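Take a look at the structure below.
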Amino acid sequence: EDNEGGTVLNDLLADLARVNNSRDRASKLFQWLIHPIPAKAFFRDTWEKKPILIRHQNPDYYKGLFSTAEFDRILREDDVQYGVNLDVTSYTNGKRETHNPPGRALPFTVWDFYSSGCSLRMLNPQAFSSTVWNFLAILQEQFGSMAGANVYLTPPGTQGFAPHYDDIEAFVVQLEGKKHWRVYNPRSEDEVLPVNSSRNFSQSEIGKPMLEVVLEAGDLLYFPRGFIHQGDCLPDAHSLHITVSSYQKNSWGDLLAKLVPAALGVAMEEDVEYRQGLPMDYLTYMGVQNSDKEDPRRERFLSRMGGLIQKLAGYAPVDAAVDEKAKEFLHDCLPPALSPEEQASSVQGASTRWGNGRPLNVAARICSQTRVQLIRSGCARLCSDGEVIQLFYSTDNSRVYHKEGLKSFEIKLECADAIEFLIHSYPKFVTVQSVPCDSTEEKIALAEMLFEKGIIRTAEPL
Amino acid sequence: EDNEGGTVLNDLLADLARVNNSRDRASKLFQWLIHPIPAKAFFRDTWEKKPILIRHQNPDYYKGLFSTAEFDRILREDDVQYGVNLDVTSYTNGKRETHNPPGRALPFTVWDFYSSGCSLRMLNPQAFSSTVWNFLAILQEQFGSMAGANVYLTPPGTQGFAPHYDDIEAFVVQLEGKKHWRVYNPRSEDEVLPVNSSRNFSQSEIGKPMLEVVLEAGDLLYFPRGFIHQGDCLPDAHSLHITVSSYQKNSWGDLLAKLVPAALGVAMEEDVEYRQGLPMDYLTYMGVQNSDKEDPRRERFLSRMGGLIQKLAGYAPVDAAVDEKAKEFLHDCLPPALSPEEQASSVQGASTRWGNGRPLNVAARICSQTRVQLIRSGCARLCSDGEVIQLFYSTDNSRVYHKEGLKSFEIKLECADAIEFLIHSYPKFVTVQSVPCDSTEEKIALAEMLFEKGIIRTAEPL
Amino acid sequence: EDNEGGTVLNDLLADLARVNNSRDRASKLFQWLIHPIPAKAFFRDTWEKKPILIRHQNPDYYKGLFSTAEFDRILREDDVQYGVNLDVTSYTNGKRETHNPPGRALPFTVWDFYSSGCSLRMLNPQAFSSTVWNFLAILQEQFGSMAGANVYLTPPGTQGFAPHYDDIEAFVVQLEGKKHWRVYNPRSEDEVLPVNSSRNFSQSEIGKPMLEVVLEAGDLLYFPRGFIHQGDCLPDAHSLHITVSSYQKNSWGDLLAKLVPAALGVAMEEDVEYRQGLPMDYLTYMGVQNSDKEDPRRERFLSRMGGLIQKLAGYAPVDAAVDEKAKEFLHDCLPPALSPEEQASSVQGASTRWGNGRPLNVAARICSQTRVQLIRSGCARLCSDGEVIQLFYSTDNSRVYHKEGLKSFEIKLECADAIEFLIHSYPKFVTVQSVPCDSTEEKIALAEMLFEKGIIRTAEPL
Amino acid sequence: EDNEGGTVLNDLLADLARVNNSRDRASKLFQWLIHPIPAKAFFRDTWEKKPILIRHQNPDYYKGLFSTAEFDRILREDDVQYGVNLDVTSYTNGKRETHNPPGRALPFTVWDFYSSGCSLRMLNPQAFSSTVWNFLAILQEQFGSMAGANVYLTPPGTQGFAPHYDDIEAFVVQLEGKKHWRVYNPRSEDEVLPVNSSRNFSQSEIGKPMLEVVLEAGDLLYFPRGFIHQGDCLPDAHSLHITVSSYQKNSWGDLLAKLVPAALGVAMEEDVEYRQGLPMDYLTYMGVQNSDKEDPRRERFLSRMGGLIQKLAGYAPVDAAVDEKAKEFLHDCLPPALSPEEQASSVQGASTRWGNGRPLNVAARICSQTRVQLIRSGCARLCSDGEVIQLFYSTDNSRVYHKEGLKSFEIKLECADAIEFLIHSYPKFVTVQSVPCDSTEEKIALAEMLFEKGIIRTAEPL
């Protein structure tokens, strides 16, 4: 992959690679994305609240993130499949169509579709572009929620999609050309921050836009989930943009969906009030067919029910439910995109290799003086279901979404503190010796195991 | 089935058949079961609280409910399958075993097992005995929860089961011979009114009995779920008892298990607070690995979570959740056991028949002056999922548990009031004319449909 | 069930119960069915060849087999379900319709359908009528293939079914009233003895009938599978007939479908010619795209292929394949309908019973002098898969088709001769002592086990 | 992938790329593999018959096919997963073990296993090495059956696998170091050309080797399926070899398994003898329990059965069954590895690309004068199930076995001749104009479609 060096973005990414703390990298990258608005102000005033347009007056501001040349290279070199990695769409005279043939998408057919007025949507550019991978892998630590992306290439004078809203926070990054965007308020209170994406709307259903703008290369348009939007190309220019997304199913309610059944389980075990029988006659005054009845027993029943729901709060295993969310996030995560220095000091770039008819540098080994660090702040997480302690980690994930299952291994009780120590020490490097295990052998064995799975790296190459 | 007439029970059942309201039948029958304790006192002081022994000093008090002669008749005439309808068990020297061969249980092999000291448990006597069916079908209306039964026949000097507790309220009705019972308190607070039955205990695990008694024919022993129990036969007499059970999975918590996810669904739809994103950094201070951290953000997070749980009470669709429980109950229900009068005035006993080479009495038809009544108080229930209104009913159920699926049909919106009128009119007979439908044709069509499904009967045979 | 005694059929069935060999019973009953045609002539000239009409000039000839009064009794007393046990149909103006509502079929609704001109088809009368059960259970031994039956009741002046052909040999037994039948030759060679039943035909597709007749009570109409037929009622009389069927999927080809893959398996194991590789270039001259090529390699390939197919005959495990068919037949079989004498001398009627507070006659036991006989000629079959020997049997089957799985148990190698001896001794009674087992204990244990499963009976009641 | 040029193999592959007919390429490459033995003699005397050792006295003879350096590069650059792409094994003191950890196989851990004496088996080197892919993709056309490969790397002085036989023809190509091999005759006639691979044998089960040899770099060892083998390293040298395999489940019997049930289906449709009923009494004299009976009916039954089997040959749809095998082969096939010239004249290398803000060379199009050729002799196949004609093709396959489903599309009846013409014209280039379709538009449309799927290429780049 030939990402041209020397761009604003490439210089930034090179700088970030030297920042020791991946959470700092994430906030710096995000700040750059929405520059010049301070992130703090953005999250206070704009995030999940309203659209915003940021003009950089610099067509090269986002240069190097992605390009149509890169798109073409990917079609040529990688196994891009229609319908899986690439959608061919059109929206003409109010009619939205998909034109995917079966099989591999090669330039010969893709550019033919484009030339006849179809839009192209690449569904997971991070699997094909190292820069997009790196970009999103950093950003996911900012959001604490999966960062995804689609790339959209639209021919001049066309529109590829009907007006609709999505279930994610969207950052539209204009990379080439320009695009005319119209954004509309949610149609009702119920569609503010909606749980699911909408169907395609007709123009008559969506009213007047609350924002209308021509996005030019280097500009950014953000809008929260629920804001209806549509973009079309001017007659004189194609458009290439990448939409970075996050916060899909990451609401308080999504956490409650894990927490509330667990809370009820705990309450049933610990509190006999939840195990007591229902009133014998409740079916005669409760239920839809009795809902209009005036009956003091209804009041009493509803009141007791309400009390039991409220009391659930006291039984809610919040940390365990958060860990369920965290495990989903770890499964969704992109694997870390390592800098050359990180590579060299981790299992991925270890110097062990074949040479002269035998393996070389096999002896390179962690010892008690080796200093180690988690390879990313949130790349591993210690969870417990009450019986077994497990370490879940994202370093073996694929760049293809959910291609691998969620990875984990069991941690012996006596090693849990050691793992917690390593996690909480981040971003500090600590010696293997300082890890709280019973013996030096155990310390080294634990460190080797974490190193082999790519979870920790060493301060110096082994 | 040759149930001897003239017993206390048969006279009672004949009397009950003349009681117009099935809920009254149910409470009268239950009162007779626990006589001389008043039901009100029983439910206040004993139900779900503690065991009680009731001695009737009359070996014939429960006569006619079931007998070993009936057991033998059933084996001979019905298709009783080992492992499905009948278990052969033993408990000797602390070891509990099951001895079921495959295939049909015929007297030749069953009595051979019994003679060699095995206990026999008939699992659903209501499928084979009309009296047990009638008895339980009435009682289920008292409990508002499925009433089940097992029959236990134990040879002299033996025990068939290890000490254990069950997940149901148990009424042990001694029918023949006598049995030595020991009942023990729940072993801990957690096992008071437990959700699930226990494993078999060893004698050393259960301590001293809180009640020890020899039950004789005509006696009753009640104990709540969670009370450990074991019974063994004296050397000089066999024992036959039937255990009537109810209130399995019928607690407040069981209802909450249906209600709470529905409440969250409503809250997600109606209240944007539930749809708002989680804090971006919550994974760094919440979760098991952070649970020991002092961090004000943890307090804030827990507090908001708690508030959202408590606020769920305001969104809880209690009537809809009760209807879910009600539907389960309707599916569990025994079909009504009709008296000859009921039979004659319902579809089951309609006079239409074949004779002289053609159908006779086909003309017998419901008209607007026909007076009708639900055949049982709770045999049908009007429910709505917000879109479709359905009438669920138990009259087509089988005497075999869940042999049929839950039956229902859709009710047009304009007929819902008519159905509700019929349900709420119970036990009064009302004319078809008085039912609130648009036209006389519709009234008659609705009544015919309900009559054909056995849901209503007429005041006089058609 | 109130089958009137004293009819021709009931007298015959009583006589047959005294015939010791169930195969003789079967041939006598079949001879009576087709009387006065000799069975030998029938099977030589008519069976699988052409329709035949047999007039008995006696409306009571088949009386007692089934009646509309019995139909009505069954609706009243048994759980007949629409769509499962009963179909309501009509064929009017060339349109065939089914009118089954859901749920139980009670006289009130059934006779209403009939009165409005619908035909009624009862699908498995043998489950409800003891006489039909007995009749078919005997006949199945004649056919060596499942004997089934449907009952058809048609109102005057109507037709219930469109013209079609079936996949079974059909014996139409007219029980009441009369019916006008038209039978048509198979439409082509391909539809002679067809594998599957046909769709409904229109009148224009079937040509002229080869047989047209009014069937009257006491008459019989036979036609082979593939012969198209339709029957309609005259304006002045209803019709009740029962169609007895057999030989569904019982052709040489059906046996070959089991045999041929097994033969190939044996050939692959035993003959290296079948394991040798295909010619490397065969894909270039074989296959549909090459089928028009003149190529000597095609001839050679086809010739070798043909040789290998023909050689399969030498590897065909015919007896094992027949046993697969036999096992299917055993699974399809009705259980034997026992005469009172058979009942009394088998496990079903053993005298063991409960009385006076304890089991009576438990001591009645098989001893070495007890004389035993298979309860039916073909009720059990010894099969082997090369490793395990199993005895398959039909005595635990249900009167409801395939309600029970195929029953079997493993036979120890040293008992196989004993079982074979018992099977081949039929219909002779033999003493337990004479059975070739190692010890008297084993002989008695084996006999007891077969007795308990209902496979053998004793010469005298135990 | 850095395959060094200038080796014998690379020069050969470059030469082969200039051979116009892929079948010729295949036979030339195979001839080179077994040089100096003439292929004709090899297939006549050795193939499927006996092992053979070929010494090239040139350690570089197979150089460039694969190397341990390539192995190391693949571990570093590709996603090699333990258990999926790589096995770590050992065979010590008669005990065979597998040591795969979960997750990705990186040099750090892989070379550690190797250093501690474990063998490494790479399961599908063709997915990682372009040369192996090219090599096997050519050879599969020689065999007409999938050509697969495993690579084995063994440390000095160790053995990685227990003695066993395989179900494929094996060509062991020694690439580096040397290995001591022992080959044993099949243990019995039944294990000659076996259908399935064996379990691991102990040394005592396999007797004396029929061939014992030290294979050195540049040597080849061939042995047929069924020949037991084991290889171990001398103390002074590691060993790297690749085993090329083919002819798995490619025997006459495998084809018969598709053909024989189809033949029976045809016979059942066309020949009434197969649809005639079985003799009514056959269950009484056939079957295992009757197999010792002397009964003339057995003879007659067996004779008729045998006749029907033999007659099946006349109904066998051989070409259709061959097409079923052919479709399996097309699914198993590696996609063609294109030479630069082929690339440039096919859809994969078409000049259409993005440049200067728009697609370039979109106009390049097939016209009636364009000369086209199938890209490989066997890359597409026309099949018919009697109703629909389909073209199956392998050009969209993945280098990963069965990662893609078998690809096909329907061919209109009027285009079938055109496709057949193109297939049978191979290797000649033909003009689009010369293809037998109704109109020039159709000819071009068909050619474009085949070109877009990679099935045909043009004589000159478009």
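Chains: A, B, C and D, in written order; residue numbering restarts at 1 for each.
Rule of thumb we're sticking to: a contact is a pair of C-beta atoms (placed from the backbone, for glycine too) under 8 Å apart; a residue touches a chain by one contact, two chains touch by 3 or more.
All figures in this text were calculated on a predicted structure; none of them were measured in a lab.
Of all chains, the one whose mean C-alpha position sits at the greatest distance from that of chain A is C. Taking each chain's centre as the average of its CA atoms, chain B and chain D sit 64 Å apart. In terms of their C-alpha centroids, the spacing between chain C and chain D amounts to 49 Å. As a whole-number value, the distance joining the C-alpha centres of chain B and chain C reads 41 Å. Listed for chain D are no residues, as none touches two or more other chains. Contact topology of the protein chains: cyclic, one closed ring where each chain has exactly two touching partners. Taken together, the chains touch in the following pairs: A-B, A-D, B-C, C-D. By the touch criterion given at the top, residues 68-69, 71-72, 76, 79, 102-104, 106-109, 111-112, 114-115, 176-177, 238, 347-348, 350, 352-355, 357-359, 362, 396, 398, 407, 452-453 of chain A touch chain D in their complex.
Taken in their complex, chain D has these residues touching chain C: 23, 43, 47-48, 142-145, 169, 189-190, 192-195, 247, 250-257, 259-261, 263-264, 267-270, 272-278, 280-284, 286-291, 301-302, 304-306, 308-310, 312-313, 316, 318-320, 322-323, 325-326, 329, 377-378, 381-384, 420, 423-424.
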